[in-house]
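In the two assemblies presented below, chain A is common to both, partnered first by chain B and then by chain C.
== the complex of A and B ==
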């Protein structure tokens, strides 16, 4: 039954999110029109044409599940915390919290703000968990989802798409970055005051008389922060997952190529462990640094 | 749309990104070794800073590589 799918079809299949939105039909080639009912996109082209009001169900599902897992873990440790003999999980949780606390204490000097450290912990652990999904071999979870969808809903498995790594979806990473940007603006206005913040944006590098140049420079710098924060995580994870997918295409090419691909996959997975933790750490440190800059009182 | 141009664009994005990252992390590694040679006891702290800054240096090249792969595989296919 499985027709011989080409490499690019395989790659495109693994790059497509499970998108839910207004169903589209193709009237003429290249012209798509909504059919008025809601449902899952059955092809990448349809998903692309669903426009703004469509949601990547797999990204949301995986990120919410991983967030719940994180909160359940820390809550379960907090519930049975004992000052006497700490259990294994308590040691592990304490290790993470101490590590985050030192880092935040080092880079955040903005005075009394009880939000920054918990936010840093949440970002680090959550982004790390989301990135960790990239280490699961490419076809495992999507195959499970495809077969179960075919079994339960009787859908043709070739049209069931599922991306398990939420951080390879720019919506997720830019969404988090925009939230950090909103926090930056909130604290800038709150700590510096509207006048202080506006003067920082307009009078900065070249003093009062070069106001237009200052404004352009400062706003570009301000806007580039969330943009680079979000796209850095996306770029690293997307490229990492792409390499996994390309290695996975080698498995279909006979025993020799397959075993060589196995070695490649192990090597890249080990190297990717460093990238996963590093990107989560950088996302956290930069969030702390940006919030710290938002707290800088002007003399 | 002429597919050839898309592939050239993707290759340029990845190539120039790699060039930038290679020079950046190369310089960074050199400075790291100098500092480690000068003060070996600081190596643990230096190593974390090295990875942090290497991640930051890699930021824009990796964004370029990510977007190039998106263009190459999701658009051109």
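== the complex of A and C ==
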């Protein structure tokens, strides 16, 4: 942590994504206007004013990297999978797949659906890997990126942001939740039919004489599913990341505080192993349950 | 922490990963797991069958041994019976043969005795005749009957 920035700036710096979009300039305090160029945001305020058509490069990069890593691993196992005695990586992959398969069988009763189990596997492993980035000490990768950006492009390292945990970006978690929501809608329409789905949304729980109330209640219920799904993961990971950052701010406060911070960080990291696994598991199980609900016809 | 186009990127990335997993990862591994499950089940069934067969074979072997024992004891008892029979038969045969030999010996003895008797009779007759002729000769004519007497002597 460089001496010239305050704790608050340090924390803000860590919570800012590397955003690419239309460059903005502050023409007067609080008022921003596009410059017409495209580039990386140099401050949180500029990133915020880039609007919807900007992209968090760090989130995308890390999530795709981790997803590709996961797919590469499982694909390499699938290519040389043997029905004999499993060894090495196949053992590991099979352990995960068996676990996912058991969980999905336990909570999904929609018959022969070829999507849910691979979806659950992707969610569990991908989310777990993305969460796992939280255990890397908060400054390591951002510092590497900042210093290399400064060395290569000659930009001020204080204006280079890099968040390595994609699940602390609500875009990532809500994006996944929205995809799950689209699948829920797809299967609801497919299994129950348009009429069935609409009657499910309007005729429960109070019968046809309370149709408006039913509609409001059921719509809220339906919409709350993806939101709670995405925000639960985001909230947990964001809070965990925040604690790591707060612990990291103590390193600058002398040897005693620094050692204490080290102990705290180890303790929190150990506790966090539980949280990252649990959150990945919860996301997977809830997705399975929601899709199971989408498959069930109410009578 | 702004909602921006990243959300679209994430949806696409997620969809691509799920599709990839669904197409290239899950089916082959799952298939291998199912096959292995089937293999193990088959193996267990085969083992069970083998054990069952072994039990049957053991039972059959016991039965065969039992039968063989029974047969052996039967053969032994038959042989004993037959042996006794042979002994009895040969005993009676021996008895009959003995009797026969005895009878024939008796008959022969009798025959011999008869023949001796007959011979004795003739000899006694001869002797009596000789005696009589001797007695008669001395009175009649010793010289005339010398030849006859000599003959008689030589015959005795």
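General observations
What we mean here is this: the second predicted complex is superposed on the first by the 292 of 299 C-alpha atoms of A that agree within 3 Å, B and C clash if a C-alpha of one lies under 4 Å from a C-alpha of the other, contacts with A are read in each partner's own complex, and residues count from 1 in each chain.
Keep this in mind: a contact is a pair of C-beta atoms (placed from the backbone, for glycine too) under 8 Å apart; a residue touches a chain by one contact, two chains touch by 3 or more.
Keep in mind that this is a model prediction, so the values were computed, not measured.
Contact with chain B, but none with chain C, is seen for A:228 once the two complexes are overlaid on the shared chain. In the superposition on chain A, A:203 makes contact with neither chain B nor chain C.
In the overlay built on the shared chain, the residue A:81 is in contact with chain C alone; chain B does not reach it. Counting the residues of chain A touched by each of chain B and chain C gives the higher count for C.
When the shared chain is aligned, chain C comes close enough to touch A:117, but chain B does not. Judged by the touch definition given at the top, the superposed model places A:15 against both chain B and chain C.
Of the two partner chains placed by the overlay, only chain C lies in contact with A:126; chain B stays clear of it.
Look at A:172: by the touch rule set out above, it reaches chain C but stays clear of chain B.
By the touch criterion defined above, A:150 lies against neither chain B nor chain C after alignment on the C-alpha atoms of chain A.
Touched by chain B in one complex and by chain C in the other are residues 15 of chain A.
The touching residues of chain B, when paired with chain A in their complex, are 51-52, 54-56, 58-60, 62-67, 69-70, 73-74, 77.
For chain A in complex with chain C, the residues that touch the partner chain are 15-17, 19, 21, 47-48, 50-56, 59-60, 63-64, 67, 70-71, 74-75, 77-79, 81-84, 93-94, 97-98, 101, 114-115, 117-119, 121-122, 126, 166, 169-172, 174-176, 178-179. Partner chain B is touched in their complex by these residues of chain A: 8, 11-12, 15, 44, 228, 231-232, 234-239, 242, 274, 278-279, 281-282, 285.
Put simply, chain C touches chain A in their complex at residues 1-11, 13-15, 17-18, 20-22, 24-26, 28-30, 32-33, 35-36, 39.
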